[in-house]
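Below: the structure, in structure tokens.
Letters A, B, C and D mark the chains as written, and numbering starts fresh at 1 in each.
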Amino acid sequence: MQKISFESDYRTGAHPDILRRLTETNSESLDAYGSDIYSESAKQKIRKACDCDDAEVYFLSGGTQTNLIVISSLLKSYEGVIAADTGHISIHEAGAIEHHGHKVLPLEHHDGKIEAESLDSYIKDFYADENHEHMVFPGMAYISHPTENGTLYSKKELEDISAICRKHNIYLYMDGARLGYGLMSRQTDVTLPDIARLCDAFYIGGTKVGALCGEALVFRKSVMPKHFMTIIKQHGALLAKGRLNGIQFDTLFTDNLYFRISKNAIDTAEMLKEVLREKGFRFAWESPTNQQFVILENEYMKSISDKVGFSFWEKYDDNHTVVRFATSWSTKAEDVEKLKSIL
Amino acid sequence: MQKISFESDYRTGAHPDILRRLTETNSESLDAYGSDIYSESAKQKIRKACDCDDAEVYFLSGGTQTNLIVISSLLKSYEGVIAADTGHISIHEAGAIEHHGHKVLPLEHHDGKIEAESLDSYIKDFYADENHEHMVFPGMAYISHPTENGTLYSKKELEDISAICRKHNIYLYMDGARLGYGLMSRQTDVTLPDIARLCDAFYIGGTKVGALCGEALVFRKSVMPKHFMTIIKQHGALLAKGRLNGIQFDTLFTDNLYFRISKNAIDTAEMLKEVLREKGFRFAWESPTNQQFVILENEYMKSISDKVGFSFWEKYDDNHTVVRFATSWSTKAEDVEKLKSIL
Amino acid sequence: MQKISFESDYRTGAHPDILRRLTETNSESLDAYGSDIYSESAKQKIRKACDCDDAEVYFLSGGTQTNLIVISSLLKSYEGVIAADTGHISIHEAGAIEHHGHKVLPLEHHDGKIEAESLDSYIKDFYADENHEHMVFPGMAYISHPTENGTLYSKKELEDISAICRKHNIYLYMDGARLGYGLMSRQTDVTLPDIARLCDAFYIGGTKVGALCGEALVFRKSVMPKHFMTIIKQHGALLAKGRLNGIQFDTLFTDNLYFRISKNAIDTAEMLKEVLREKGFRFAWESPTNQQFVILENEYMKSISDKVGFSFWEKYDDNHTVVRFATSWSTKAEDVEKLKSIL
Amino acid sequence: MQKISFESDYRTGAHPDILRRLTETNSESLDAYGSDIYSESAKQKIRKACDCDDAEVYFLSGGTQTNLIVISSLLKSYEGVIAADTGHISIHEAGAIEHHGHKVLPLEHHDGKIEAESLDSYIKDFYADENHEHMVFPGMAYISHPTENGTLYSKKELEDISAICRKHNIYLYMDGARLGYGLMSRQTDVTLPDIARLCDAFYIGGTKVGALCGEALVFRKSVMPKHFMTIIKQHGALLAKGRLNGIQFDTLFTDNLYFRISKNAIDTAEMLKEVLREKGFRFAWESPTNQQFVILENEYMKSISDKVGFSFWEKYDDNHTVVRFATSWSTKAEDVEKLKSIL
């Protein structure tokens, strides 16, 4: 039996509709650098899905690329970005934010999230410090939704964080690498228009939600840096064939494909949770999205590792490990069935 | 009649074989970040094509991205890169090299090329200058092949430049955005193994030669920076689905596809030259590759511009303009025929 | 009565011998950029004081400048610097390290110090993490001696930290902004030659120990970056009149002046401690150097603040504050007497 | 006979009044980081000398430091700075501007100066270029006054350049490393208030005009970057003992000292020119300031080089060299007499 794969949500290719559209449009001669008709169409559909007619949309190739360009183009040189100490930019982007000149200011996480109150205190304490002119100014709050732990902010939590950011005049930026899975969770009250209303910038992740690559970056109109295309170019992030991202997102935002395939990840994740619960596994924490975190006894972990793929998350204790099982847009019900037979 | 397109070599999608392979492999669960079997296979094929078993190969998404990562990872902070004043990094990369900390040291071009002798003089003069410790040290020579002007270095010229670089202990790096078109030119004596032997690093361009995106960066083994994958990540250039580039280059380097489709660009360019010559157009300079540069009278230029696409290159005089006609892997003989009927 | 000053150790000018020597040598025509005879003489005296004949010595103007140049010139782009979370570079350098591209990797402090064991664990855990290629590599340990809390490493502690660094092949760098006060503490077994033997780079602070400005940066010979003068220039840190720093350090290292004036700060600090103890003040922690940290009741703190200068350190609780009293090379016994009469 | 020194204007110490004031104020306990009363007083005097009550003044330590901080804090990431190809930032600052992310856009010089018309053309051509979004935007014009060649802009030339900058909405920044020598030239119609009126930022050089170190940076109020002190800190350029620069500039701007000592350099330069002319030397170009450039026959040059110090400027031809003789605030009439006896 072939090993079944739950390591991550970026191990299969693209949704077949995307490949079909790439093929159908392949011989058309299109304008370069993102000026093509499909990119334009995709932007228009995304604005509509965000219920925000004047949002500015740009397509980039990956999450770290998007994060570093947004953060370094919005912040002043003396500003840093506040993030959960478990945030992707805090740990797993190889120091890309610092490499581009800005400190990540870590805030203690709670299930991967930051809290409005802590954010408020951090900023107040900063300005209360007599030496703050010798320190890094807070210029932005970075949140991921879903978080790296698979958890979600409630609408109330997002509203509170947004209000704190506006009170202190700092940006709120959301990393939506897995945004589809957050929006289609059975336990969320947050919609895409909510996000567009509450954040200054965010991205709708494609790479982990059915595209070969690509993230759709959305700016509140008044926030977008001038000459942003030149900024993208300067970071080596401007694709000559912008059609690649344009066609992918145009397809994802046609007939709600993005949401439909995201729902598949949630449905299979719920099946997965059911199986794990039935089998008596302990969850490291509750996750309402496509990533599930389970505490495995080390010997057992090794014993199943050639039949099923999962990923190491962190050491739990000397005998146990937290591992991640992730579903995706392409996970099949039968994959979960097979897993059930293995565990 | 539909407008025919000679604006550039990046206006159509990918070679159909690439789309076919992406589709065939789409549902396979593959390792991420470039560890997949197709990336590995592509690297092996490229090493073979370079006749260099221990070359290190990495896949990146675009030319500017590749240039800035190579240059900033190989140079010391106090070093700059010597390039023709017409070089892509000198002018058309939005200051990406400087944004990453390094000065581009311009050398006067001759038909888009630098000369070994000028390079040697530049470096000798630098070290002879009593104040050179207050100046930017030359650390690398950057050449493009074909150049931005469509011209090519001869093997002798490359050997001379390489010898100067080795004499002065600086790197030689080749930007091969259109390398296929250079290798398949009817007027070249330079082969891929020659390039691998004479350069410290170079890239084999995919974006302009039949891929949707992607460049294959090749390092002489001893030259490759340590932890290069982390460096790529830090620049936001690491694709989670490395398969995208891997499969494209695996396809391009199977059954000589890269060379066969490059030859098509050359064949149609030769047809194009013939047409232009017949019609009595003046060439701005001789180009043995897929880009042809012609001097058009301004009124005439406007009169044909809704029937044929070409690109503005530079003002020639008050009444004339240099324009570029580019063929590509996807140009058809009938496109040139149509052009003939328009001119 | 004039307000007496214990706010910091950089509120008076320079030791009078320094001003005298600047005046005596003023009309001499000297080579620029650090090539003058006084800089050379100072370097030689510092090498001797370090008992390290082949150390490389450079003079810079301030602590943050020295830290950022050392760190950014020694680290690879993918490396960060491990420091106590209370370290100067972690908090009070306005993000200078990140602005120059490198993450400060914080380690929990114990009285301002890092521990060899924690350092070892941090590095081991890093390499044990399956995802470490997506993270910032530890490339250096930064310690301050005395620390920001006025505390000191023992020789054993330094040896252990040095051994861990060498085991893992990372640099050990010491910020010696107040090094004289550490070396002359009554409770230290660490000498300047010990430091030169155990660290890869460190600086001997001038600004806080009797100079108008200036820090003497010392490199182990094999560690010093090539073309370091050009690197200094590139950071805007090369003084045309290098004599300013050269003469200051030449004076400080003549007849043990640096050590003698450092001893004055320690002697007056011991008097100060005695006074504070007698008066029943609670120390926030023990400090064997020139900075003393006391917990004051807020009302009382306000009541004395127009008669004596001290500096806010941190909030202790709603009614108490930790404040710092600092002596220096120029503190007089009578200043402490006056303080006694005020408290 | 002792060798006489005309190599540069930074080989002697400080004007004696400066050393006297440093000594007189030495034991005063002063606020740090530039908040001391002498810095405040100096700023007020400089505002008055500039006839600009709301100018913002900051003290930095050297020219390259000032240039890189001004340029990198005023420009957007996608902007570069236009400068003469002979400009200090173009050649002799070790790539400091590029190291901080910005391209220096070279304009052909005429006797070290740029011309308003060329500047206008450059900017117009930039925006006319269809590909300009892939290029570095012009964001500032940098001029030095006096230039590196010792030449000066006329008031008319400055007004024209300023008008072009304002028309195109880019900054005008003047490097005044030798500003005093420009203002006291016998052939200038430019005053300090003119400069303050026409430039957005400029600095009044101290290092080369009688100070041990230090440059006074002046911003038009509306132009000054927010939190500029933090920006200075972040570049390692904030002196703890800001008094060092404050007292120097307070002294230089008391009783017109800056102008009086600058006049000495001009007076001795005029004597020097007379001597050179009498002796029949050929000038490489006319200079109305303290630097004089003479073409020497190589054999002759060597023959006098152990009796008089001058500096190599550039090769003239195989048998001749352009050398620089520089006077300064401290040059004595008798130094010129001695030179006369040697030549």
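Rule of thumb we're sticking to: contacts are C-beta pairs under 8 Å (C-beta built on N, C-alpha and C of every residue); 3 or more make two chains touch, one makes a residue touch a chain.
Everything numeric in this text was worked out from a predicted model, so none of it was measured.
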Most distant chain from chain B, judged by the mean position of its C-alpha atoms: C
Pair joined by the larger number of C-beta contacts - A-D, B-D: B-D
CA centroid of chain B to CA centroid of chain D, Å: 42
Distance between the centres, which are taken as Cα means, of chain D and chain A, whole angstrom: 50
Sites on chain B at which at least two other chains make contact: 77-78, 93-95, 99, 133-135, 230-231, 233-234
Residues of chain C defined as touching chain A within the complex: 77-78, 80, 91-95, 97-104, 130-131, 133-136, 311-312
Residues of chain D defined as touching chain C within the complex: 5, 8, 10-14, 16, 19, 22-23, 25-32, 61-69, 93-96, 99, 207-208, 212-213, 230-231, 233-241, 243-244, 309, 330
Of chain B, residues touching chain C in the complex: 72-73, 76-78, 133-135, 137, 225-227, 229-231, 233-234
